[in-house]
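One chain, subunit A, links the two complexes that follow: it is found with subunit B in the first and with subunit C in the second.
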Partner chain A sequence: MQRLALTLVVAAVAVGFPGGAAAGWSLLGSGGGKAKAKTLNAGNVPTLTNGTGHNVSVSWAASTYANGGSPQGYLIKRYTSAGVFAANACGGTVITTLSCTDSASKGTWKYTVTPATGNWRGAESALSAAISA
Partner chain B sequence: MVTIKLPRKLVFVLAAIVVLVLSSIVFAAWSTSGSGNGYAKAGTASALVIGDASASTTADLYPGATGAVKLAVTNNNSFPVRITAVSKQAAGSITSDKGAACNAATGVTFTNQTGLTLDVGANASATFTLPGSVSMTNASDNTCQGAVFTIPVDVTGISNAS
Partner chain C sequence: MRRLVPFAVVLLLLATLSAAAAIGASGKRRHVSQPEGLALSGHVVGLLPGQHARMTIHVKNRLHRTIHLRSLKTTVRAAAPGCGGRNLVVAAYHGRLRIRAGGWSRVFVSVRMRLDSPNACQGKIFPLTFKGQASA
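Moving on to the complex of A and B:
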């Protein structure tokens, strides 16, 4: 009986301290984890073709983030041949494809492309070549 | 084999003492696992130190995406530690290195992590990656492009002696 009790005591100690005195201790730490955001590259200069009437078909190559991935869409702007801003083109909303048709008025126009994701904007592209609508 | 003969009463007293000691140790271990600033347990364990992991980050966050959080941990104890959970401090705000406009609308949220098995050796440092633990919404301000975000977290670990 006594031997059994002693064995139980030794076993209890062995189970309670499997890795020494430090086993099972809880520790805390506080501080700052870090995460990093991408950057959105500039838009690509669009190409233009004449559509019906004074419409202008605008198309462009996809932009990317600095280390890969594509933006949600693009904003298209129309400028005069002198490079003066005229209007937000293609409805003035974010275009999620790589082309659109702008209902321009008669004149000579140039266009730019700005990548857009949420509130993020890439740099606006350079002006396209001019087209007579 | 040496046989020790002790009085029966003494054996049972010893057994009772061992049970009481073990119970108090177990209680102490669990009762110190709450949130708050780092502390030392019984004057023999040091809090984990969270360092600056900015240099280890990879730009992977953008509106609509999830990304990873980097965590630099130093264990100043003489025993190894396993990190089991990382949670955002309830009163802390996620900030950036881009200033007020971005800080006002980072669009970044952190998902608390549990069940982790991140091991740090005795008197050692390690940098860990928590993949998919952070996400960004379209609310993120334009000035947040390229930002390094700081997420205030509490880290919970347990001694990991083998």
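Moving on to the complex of A and C:
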């Protein structure tokens, strides 16, 4: 009877650990983390000079991201001397240089600069000084 | 002779059960989920639209035996309203990275923010969840 009991125990142990007969086993684990996107700083106020005809030459200093680096380009906007939006200047597209020539009509104008990377936009700069085109 | 019959029956039962168990176990590996056994963590900063970055994921083996990291996948959750997790693409790791008992190692994976990611993603933090699989 004792022999029978001992045999039953051995059988139970063998059945209880089938992994022992396998080649190995797999472990699953998890954890967390984070990914942070950059932030565009505001544009710098542009300086203006008269060009030929009613053209206005607009130039500005480069903007940066909060942790360094330069944006892809800039959007330039033209405002009336009263500060009312008039038009997207310099072709209305993202300018990758730090200056452009705007074909303005006769009048007195102010300009702003907005840093741009893809769909991202930095804060628009303050209005420039006025210029008579 | 009659005393040996029960013993023979049990032996037969043992042999049958052991064989069945071995066949079942050898067909596939045994999966054990032990959050305290394999710890994963990582972060990346400076993400920009259209740019690639490299993220370092730390893998800690808290077991008392050597393991081999086989795969690691990352799930990205929304960073903000209007900035879903799909704006960030994180590559998966597949390999056989040996990590000794109680040790740790690093895995590098590529992270890319989509070029058309919306302005709402600017300056935001994407929560990440890592899931790894290792063999021992």
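A few notes on this one:
The rule is simple: the second predicted complex is superposed on the first by the 105 of 133 C-alpha atoms of A that agree within 3 Å, B and C clash if a C-alpha of one lies under 4 Å from a C-alpha of the other, contacts with A are read in each partner's own complex, and residues count from 1 in each chain.
In the analysis below, a contact is a pair of C-beta atoms (placed from the backbone, for glycine too) under 8 Å apart; a residue touches a chain by one contact, two chains touch by 3 or more.
For clarity, every value in this text was computed on a predicted model and none was experimentally measured.
Once chain A of one complex is fitted onto chain A of the other, the partner contacts of A:34 extend to both subunit B and subunit C. Contacts of A:82 after superposition on the shared chain: neither subunit B nor subunit C is touched.
In the superposition on chain A, A:121 makes contact with both subunit B and subunit C.
Comparing the two complexes, residues 3, 8, 19-40, 65-67, 69, 117-121 of subunit A contact subunit B in one case and subunit C in the other.
Interface residues of subunit C, counted against subunit A in their complex, comprise 6-7, 10-11, 13-14, 17-18, 21-22, 24-26, 29-35, 37-50, 55, 57, 63, 67, 70, 74, 76, 79, 88, 90, 111, 113, 115-119, 121-136. By the touch criterion given at the top, residues 1-3, 5-6, 8-9, 12-13, 16, 19-40, 65-67, 69, 72, 117-121 of subunit A touch subunit B in their complex.
Of all the residues in subunit A, the ones that touch subunit C in their complex are 3-4, 7-8, 10-11, 14-15, 18-40, 65-67, 69, 117-121. Of all residues in subunit B, only 3-6, 8, 11-12, 14-15, 18-19, 22, 25-26, 29-30, 32-33, 35-39, 41, 44-54, 56-65, 67-71, 73, 77-79, 81, 86, 89, 105, 107-108, 110, 130, 133-134, 136-142, 144-162 touch subunit A in the complex they form.
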